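Each of the next two complexes has chain A plus one more chain, namely chain B in the first and chain C in the second.
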Partner chain A sequence: MKARLLAVLMLLALVFGAGAQAKEIRVLVANHPYGDLLKAAIPEYEKATGVKVNVESLQESQLTTKLTTEFATNSSSVDVFMTRPLQEGKMFYKNGWYEPLTSYDFSDYPDSAMGVARFGNKPYLVPLVTEWQVLYYRKDLFKKAGLSVPKTFTELEAAAKALDSADVAGFASRGKGAAAVTQISSFLYNYGGAFLDKGVAVFDSKEALEATRFYGKLLALYGPTGVTSMSWENIMPLFQAGKVAMWTDASVFFGQIVDPAKSQVTAADVGIANMPAGPKTNNPFFVVSWGMAVARQSKNKVQAMDFIKWATSADLAKKALVASIPMSRDSAWADPAVVAKTNPELVTTQAFAAKNGNPFDRPYMSAVGNARDLIGEVIIESINTAGTSQKLADLAKQKVKQVNELLEDTGEYGMY
Partner chain B sequence: MTKGSFVERHFKILFPLPAVSFIIVMMLFPVIYTLFLSFTNWNLTSGMPLSLVGFKSYLRVLREPRFLEAIGRTFSFTAIAVVVETVLGLAVALLLNREFKGKSIMKLILLLPLVATPVAIGIVWNLFFDPTIGLANYVLSLFGLPRAAWVSSSASVIPSLALVDIWQWTPMIALIVLAGLASLSQEPYESAKVDGANAVQIFTKITLPMISPTLLTAMILRSVDALKTYDIIYAMTGGGPGYSSETLNVMAYKYSFEYFRMGQSSVILVFLFILVLAFSLGIMALRKRFEL
Partner chain C sequence: MRKKTIHRILFFILMLCIAGPVLFPFLWMLSSSFKTQVDIVAWPPRIIFSPIVDNYIRVFAEQNFLKYFKNSLIVGLSAVSFSLLLGLPAAYSIARFKQKKLSVFILVARLMPGISFLMPWYIIFSRLKLMDSYVALILSHMLIALPIVVWIMSSYFESIPLEMEESAMVDGATRQKAFLSIILPIATPGIVTSITLSFIFSWNNFMFSQVLSMEKTKTLPIAVYNFVSYAEVDWGAVMAAAVAIMTPAIILTMIFQKYVVKGLTMGAVKG
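Up next is the complex of A and B:
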C-alpha cells in the first residue's frame, strides 16, 4: 500500500515537474549591441517571471539563415527573435513566419518606423533600433588641417583630398558590393536618385549614376586600400587604428568606435556630423535596422508575448540609448534625463535624420539579397574605375533589368 | 534442413544493415532530394509553394555568366592548390624521410594546420592579409617590397586563397607520402648505389616511380576536397571582391541562404556533384590505363 502511494506521489511530482519545466522559451538574438544588452538583462527577467530564457546569439546573416532553415522546414522551436525588417521582413511575412502582434501597444513608435513593421493592416514586428547615416570624422585631423566639417558633397570631396595621406585614408565607406548598397543609398537620395520607384528598379537613372560615380571616385582616390572587399567590420578597425579621417556609415557604431578598449582614437577626437547634402537634397537614410518578432510556429505564445513586451520596453530602450544604441522608441529620445547622458552629436543628427530621412537604405523587396549583389556589381565597377567607367551606364541598365526580373519572380513588380 | 532463428537466417542482410541504412539516410537521400529540388521552382522569396518546372531552373542557371565563371574558378583554385601542395608535400616528405633529432616534433608541428578549424584559420589569415594593418604587408615592407592587395583585389584573391589552402593541406600530402616512403623496399636503392647512381637519378628513376601510386592517391583525395572547398573561401571573402572568388559551392550557398532560391541552388549543386564525380572517374580510368 505504502509503495503504491509513493508511486502515485512520484507520478504526480513528475507531471507537475514537467509542467513547471514547460515555462521555457527560446530566443534568438543578433551579435549586435542591443542583443548583448538584452543578454545581460535576461537574468533579471528570469528572476521576476520564473520563465527560463534560452538565448542564442548569431551574426546577422547566420541569424537569417538559421531562422529561414528552421521555419521553412517547419521544425522551429524559436519563440522570439530579432529580425531585420528591410532585409527579410517581406519574405518572412509572405511565408507566414511572423505572428501578428495585435495586442502590443505601438503608440510610442514614429510612423516612419511603423511603415516597415506593418503588413496589410496588422503589425508583425516591434521596431527596435533605428539607424541613420552619419559622417564620423576626426576632430583633431580637421583642426590640424584647418578645415571645417563638410556640409555638401563638394566640401566632402575637398576635405577627403586635403586629409588623405600615405598613412591616413581621407574618406572611407563600404565598398564591398552588396554591403555597400545601404551606404551608397544616402548618396543616391542626395543626388535625387533611388533604387526603386513605385516597385520598379530605377538605379540606372542619370542622378543615380552620378551618385554612383561620385561614390566610386571618392573611395578610389581617397579610400583605404582594398576597399572593394570592405564592409563596416573592416573599416571600423581602421578607424579605431587612426587610419581613416572620415567615415560615412550607420549611427549605431559610435559606441564601438570610441570604446577605449578597442580604439586608439580618443572619444574627444571623434565627431559625428550630418551626412553632407547632395546637389539635389539632403535625405540620409533613417531606417529600422532591427526589430523583434514572435514566431508563428511558437508553442509558447503567451510567454513569448510577455517576453517581447519586456525585451522592447521603454526602460530597456532608455538604458540602450545611454549606451549609444540608437533606439526606435520616441519616449527614449524625449526623456531629458536620457538625452543628457547621450552624445549630443548623436542627438542632433538623429533629430535631423528623423525629420528629413528616407525610411529605406536598400531596395525594399523580398529578393533583396540578390538585388544587393546586382547593384553591388555597379558600385564595384565604379570604384575600380574611380567613377570614370565608360560602361557604367550599360552595366546599370543590365542590372536594373535583372532586378526587375526578381521583382517579377516574386510578384512585386510595379507594386508598392 | 535445420531452421535457425530469424537472425541466423538473415545474417547477410542484418549485418550490413546499419552501414547501409546510414549511407541511404545520410548520403543517398540528400543527393536524390537535391536532384528532385533542382527540377522545382522552390523560392522562399516568392512565398509560393514549390512546383515541378522541368528544366526551367537549369536554363536560368546556365544563362548566368556568373555560373560558368564559377566553374572555371573552382578548377583554377583546385589546380593551383593541388599542384603546389603536391610538389611541396613531396619535398617535405623527402626531407623528413631520414633520421634526425627533433623529427617527431617536426611531424607534430606539421599536423597542427590539419586539425585547426577552417573558419578560425580564415579569420586569422584575413588579419594577416589586411592591406593596411595586416602582418603580410608589414613583412613585405620589411624587405622593401611593395604592398600587395591579397584577398582584396580580384586579381590576387584566388592565389591568396590557394596559399591558405596550401598552408593547411600540404602537410596531409607530406604525411601520406611519408607513409608511402617508409613502406618502400630498400633493395632497389642498394643496387642503385652499387651501380653508382647519383641522388637525382635515384629520385627520378626509383623513388618517384615507386611512390607515384601513393602520390596519385593523395592528389585525388586532395583534388576532390579542393573542388568542394567552401569554408575557407566563405569565411575569408564570401566569394568577393564582387564574385571574383566565388566557386560553385560558395555560389550554391549564396543562392540558398542569401537569395533563398533553393531550386536554382540545387541545380548548381547537381553540376558540382557531376563535375566531382566525372573528375574522380576520369582519374581512376587514367590510372588504370597507365597501370599506376
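Up next is the complex of A and C:
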C-alpha cells in the first residue's frame, strides 16, 4: 500500500516536474533577414505558448563555429538553429547533430529542396530560403548600345565586349578562388560539366575545363580590375556605383541593388534575367541556402519541435516573401496576393530556376571548405591567363585527385 | 634662418610620408562612419559629402552598444587586475630568484595558439554552468594579460638595483614590505605599460569571447558582426562601431604613451 502511494507520488512529481521545467528553449539564428523577421515575431509565439525563447543572432561563420564547438564537446544547450545545408549539412548529419524530423509535414517543399534536407530516408532539416543564379544587368546601358538581354553564352560574351569601357566593366562575377566556386557552378552545368559525379570529382572533364576557360576569359577581358580578389562584397558596391554592366550572382542581392538608400543606380535601370544558356543546356543553380534544424542534443525536443513548426510555417513564409526573402515553400510562391507584391522579373527567374535548376552550387561533401579552396586555384589560374593557360588541364587533374582524397578521407568517395 | 625653414619643411614632408600611410585607413574609417551607404561605395570616393549620424544612432540606439562596452570593460579591467595581482609577485620572484624556466613556461602558454584552449575550456565551463558568465571570460582573458604582465615586469624588476630593497631590509623591512613600498612605486612606469598593453589585447580579443560569451556577456569585437549579415554588410555602421571601439584604446594610449615607451625600452635594454 505504502509502496503504491509512493509510486503514485513519484509519478505525479515526474509529470509536474516535466511540466514545470523546459519552459525555455535556446534558438540560434543567423544575421539574416529571416532571422530578423523571426526575432520580431517571437514575442507573439511566447505569448501564445508560454514558452520562453532565448534567441541569439550570429554572423554565419560565427554561428558555425559556435554550433561546432558546442556540439563537438557534447555540452550544447542549443535546441533549434539555422543551418546552411550545402556548407555544413553533410558534416552535421554525419556527426549526428541533427535530430530527424519525422513528424514534420514536408509536402509543401519542392523535391530539389528536399534533396538536401533528407539523408538516407529521413528528413533532418527544414528548407527555409532558396537562392538561384541570375543575371543582373543595366537596362539603360543595354538600351544605349542597342543590345538585347543575352540568352546564350555567345550573346553574353558579345554583350560584355560591347558594353565594356574604360569606366564600366562589361561583365563581373566572383573571381576570388573559393568564393567563385558557387558562381562558376552554373557555367559548369550549362557546358555539361559538374563538380562531382556519383561521389567522384570530375571538374577536370572536357566540358568543365571549357566552362572554366570561358569564365576566366570573360572576367579577364571584360571584368573589373583586381577581380581575382573579389567576392560579392566587392562586386555589389561596384554595381551599385554604376561601374558594372552585367553581373551574375545569386538572386539574394536583388533587394539591395534596387534600394535607393544603397545604390546610385536607379531601380528602373536594373534588370534581372535568367542565366544565359550554355552550349549544352541551361541549369542554373537553385539551392537551399538556409534551413532550420532541431539539435540532437536538445533536452527540450517537444518544445523544439513545436517551435520549428511555427518558425517555418507557411504564414511566416508568405510574410517573408513579401519582404523579398525568397522562401523555399511552394505555397508562398503560389499565393497570388504575395506574388503581386513581388518583383515580376524575380518571380519569372524563380519559376525558371525552380523547374530547371541544379540543387547544388558547390561540391556537396563534408570537406566542402577544403574542396572549394582547391577548385578556387583552378579558377584563378584561368582568370589570370584569360582562359588560355596551357597547364589548366594538368592543374585541374591534380586538384581533382586532391578532392577525391578528401572524399576518401570521409568515406564519401563513390557514394551518392 | 632660411636653413631652418627648409629643415622644417623637410621634416614636415618626411613626417607626412610616414604618418600618411598609417593614418589614411583611419581617416577613411572616420569619414565613412559619417557617410550613407551610397556615399561609401561611390566611385570616385566622395571627399565632400553631407555628413549624417544615422550610423552612430544605429550603433548605440538600435544595437545597444553601451551594453557591449560595459561587458568589454568588465572583462578587460578584471582580467588585468587579477593578472597584476598574480603577475607582479610572480615577476618579482622570477627576477630576483632567476626562475628562468618558470618564465619560459609562462611564455609557452602565450605562444600556444589560443584556439587549442577553447575546446577544453568550453567543456569545463559548461560543466561548471559558467557559460555566458563574466567569470569564464575573465579567466580566459587572463591567459592574454598574465604573460604580458609577467614578461614586462620581470625584466623591469631586474633593472631595479638590488641595493634598493637590501637597504630597506637592513632597516628592518621584510621582503614583502620592501616589495610593496619600495619596488612597486619605482616600477610604476612598467606597471602602467603592462596595464595598457594587456588591456588593449583583452579589449581587442575576438576568439575567446566568440565561443565563451553569449548574448549577455557579448564583447565589442563580436558585436561588430551584428552589422555583417548574410549577403549584406552595413559598412556605415561597421565603421561607426569601429570608431567607437577604437576611441577608448586610443585615449588610453595617449595618456600613458610616455610610460609605455619608457617601460618598453627599460625592459628591452636590461632584459
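Everything below uses one rule, namely that the second predicted complex is superposed on the first by the 394 of 416 C-alpha atoms of A that agree within 3 Å, B and C clash if a C-alpha of one lies under 4 Å from a C-alpha of the other, contacts with A are read in each partner's own complex, and residues count from 1 in each chain.
In the analysis below, a residue touches a chain if its C-beta (ideal position, glycine included) is under 8 Å from a C-beta of that chain, and two chains touch if they have at least 3 such contacts.
Remember, predicted model here, so these are calculated numbers, not experimental data.
Contacts of A:G226 after superposition on the shared chain: chain B is touched, whereas chain C is not.
Look at A:T65: by the touch rule set out above, it reaches both chain B and chain C. By the touch criterion defined above, A:M91 reaches chain B but does not reach chain C. Of the two partner chains placed around the shared chain by superposition, neither chain B nor chain C is touched by A:P279. Residue contacts after overlaying the shared chain place A:P237 against chain B and chain C alike.
In the superposed model, A:G199 makes contact with neither chain B nor chain C.
Once the two complexes are overlaid on the shared chain, A:G271 sits clear of chain B and of chain C alike.
Applying the stated contact rule after C-alpha superposition, one finds that A:P110 touches neither chain B nor chain C.
When the two complexes are laid over each other on chain A, chain A has residues 65, 69, 72, 237-238, 241, 243 in contact with both chain B and chain C.
Remark: chain A residues 61, 64-65, 68-69, 72, 90-91, 94-95, 169, 176-177, 224-230, 234, 237-238, 241, 243, 366-367, 369-370, 373, 376-377, 380, 406, 409-411 touch chain B in the complex. Chain C makes touch with chain A in their complex at residues 36-38, 40-43, 118-119, 122-123, 126-127, 131, 210-211, 214-215, 222, 225-226, 228-233. If you check the complex, the residues on chain B that touch chain A are 43-47, 130-133, 147, 149-154, 237, 240-243, 254, 257-261. Only residues 30-33, 35, 54, 56-60, 62, 65-66, 69-70, 72-73, 75, 77, 232-233, 237-238, 240-241, 243, 250, 252-253, 256, 261-264, 289-290 of chain A touch chain C when the two sit together in their complex.
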